[in-house]
Amino acid sequence: MEPLNPSFAAAVAQSFAQQPIMNLIGARLDLVEAGIVEISLPYRADLTQQNGYLHAGVVTTIADSACGYAAFSLMPEGSAVLSVEFKVNLLRPAQGESFITRAEVVKAGRTLSVVRADVFAISANAGRTLVATMQGTMMCLRS
Amino acid sequence: MEPLNPSFAAAVAQSFAQQPIMNLIGARLDLVEAGIVEISLPYRADLTQQNGYLHAGVVTTIADSACGYAAFSLMPEGSAVLSVEFKVNLLRPAQGESFITRAEVVKAGRTLSVVRADVFAISANAGRTLVATMQGTMMCLRS
Amino acid sequence: MEPLNPSFAAAVAQSFAQQPIMNLIGARLDLVEAGIVEISLPYRADLTQQNGYLHAGVVTTIADSACGYAAFSLMPEGSAVLSVEFKVNLLRPAQGESFITRAEVVKAGRTLSVVRADVFAISANAGRTLVATMQGTMMCLRS
Amino acid sequence: MEPLNPSFAAAVAQSFAQQPIMNLIGARLDLVEAGIVEISLPYRADLTQQNGYLHAGVVTTIADSACGYAAFSLMPEGSAVLSVEFKVNLLRPAQGESFITRAEVVKAGRTLSVVRADVFAISANAGRTLVATMQGTMMCLRS
């Protein structure tokens, strides 16, 4: 997909750095390409639910930011992005030493973009396991 | 709806206390009735996205826990609950002094329950504003 | 909710009459209020899946049209409506002598509206049973 | 993915033939592999909405059947399949001479399977265009 903003990678990195929640949970921006974003998150016990798995809301937090920035990477300079809706299927318990989500734009529109994100758990023993998948709609607000 | 577990309120409170993420973000369990759960969350700057609004993932975190516990409140003693999937529509920017989500079971099944949660922003000026709504499926694991 | 188009009921009825699929499956427009639409559908064996229940796609067909027209009823004169996305939870087998869906706008926006629809099966024996619920996003295209 | 039922292709074909709605709309079962199903549908004016595009409910009808049968192809002999929920994003107007949906199982579980389906419009001029995508949950009922 062709980016409209030649500085899209810097724009994504700058906005990511301005999301305090990413800092709180320890998420890192790993990859930014046109229409593709990866965010990773090391396991931390304070991010879990009652069984010690990553809480579905935390899984969603990184997947949603990845989807938003994947869409944002294809938007014109000066745009803002917001999440319209998303749906998450939780496939397996989110247990691992770290987690990574990869979002890819399915369709980039002038106003609405549809994005999909997979979330993987990573562990020394089990390797990379798909634990959740998101399908969502992101909106472009032009300046 | 008729609870199968006479101690459902204590069971929900106990499990909620075992979700470290609720403590990290500062969420509180406000109400537990049969099939209904409310969770509240005071605003904190470190829970926000790049515009200062509560991140959609945090909105989802409290809504998902509320849905899970609303379903759990109707499950037999000794059950465990897990989220199968949810869909969230984000209706307005999540800005306010605090937030509250109210989840209600739409259909309680033996294995699967469907639950809906609304999330409201609360502020001295604007009162109570609906900012998001979730529709999800929760699963009962019997011991 | 306040309608922007004083002739909204006629506009909905006219558009509904122009949906050939409604005629094919035998759906009827039963109620149009500002932000609320009901569509009913008598049972027919040729609308079913392998167990004799109404196919989930047919359930979705009437729910989607009801959501679209509920949103459309609040749009300015001359607008067009299209479905952006929807999510459907199927709660019980769709069996009955007839079916009715009631859609209500949750949030009407300038561009996007969020709408919810319940679908009920109706039978002489069992009365009215909730069989499915939809949560979706509808878009306004201005002329 | 490994099929548990060696006769899965025949089982899918037999169940598909028992869905009267597929006959009503003119859908055909094109492909059955383990975890993958394709269904096609020629354009017909009586399947459209007010603008002459295939109604989103018809798009959903073929996508849901494809998802259900993709999941069913991996279930043990004698199982039945039902749709728990699905979410559909409508990406472009569904216009074309015919339509095809391809469903692939994302995760096959003992009770629940998650399946994704893309729906394409096909026309002599524009070739194959993605018009919708579904992410859903299918349930296995054992005999």
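For reference, chains read A, B, C and D in written order, and residue numbers begin at 1 within each chain.
In this text, contacts are C-beta pairs under 8 Å (C-beta built on N, C-alpha and C of every residue); 3 or more make two chains touch, one makes a residue touch a chain.
A quick note: this is a predicted structure, and the numbers were derived from the prediction, not measured.
**Q** Along touching chains only, what is the step distance from chain A to chain D?
**A** The least step count works out to 1.
**Q** Which of the two pairs, A-B or B-D, is linked by more C-beta contacts?
**A** A-B
**Q** Among the chains, which is located farthest from chain A on the basis of C-alpha centroids?
**A** C
**Q** Once you find the CA centre of chain A and the CA centre of chain B, what distance in Å lies between them?
**A** 22
**Q** Where the centres are mean C-alpha positions, what is the separation of chain B from chain C, in Å?
**A** Here chain B and chain C have centroids separated by 28 Å.
**Q** Hey, how far is the Cα centre of chain B from the one of chain D, in Å?
**A** The separation of the two C-alpha centroids amounts to 33 Å.
**Q** Which residues belonging to chain C are in contact with no fewer than two other chains?
**A** Those would be 84-85, 87, 89, 137.
**Q** Within the complex, which stretch of chain B touches chain A?
**A** Those in contact with chain A are residues 15-16, 18-21, 23-24, 45-51, 55-58, 60-65, 80, 82-90, 93.
**Q** Inside the complex, what are the residues of chain A that reach chain D?
**A** Residue positions touching the partner: 87, 89, 91-92, 106-107, 114, 116, 130, 133, 135, 137.
**Q** Any idea which chain B residues touch chain D in the complex?
**A** Going through chain B, the ones touching chain D are 84-85, 87, 111-112, 114, 137, 139.
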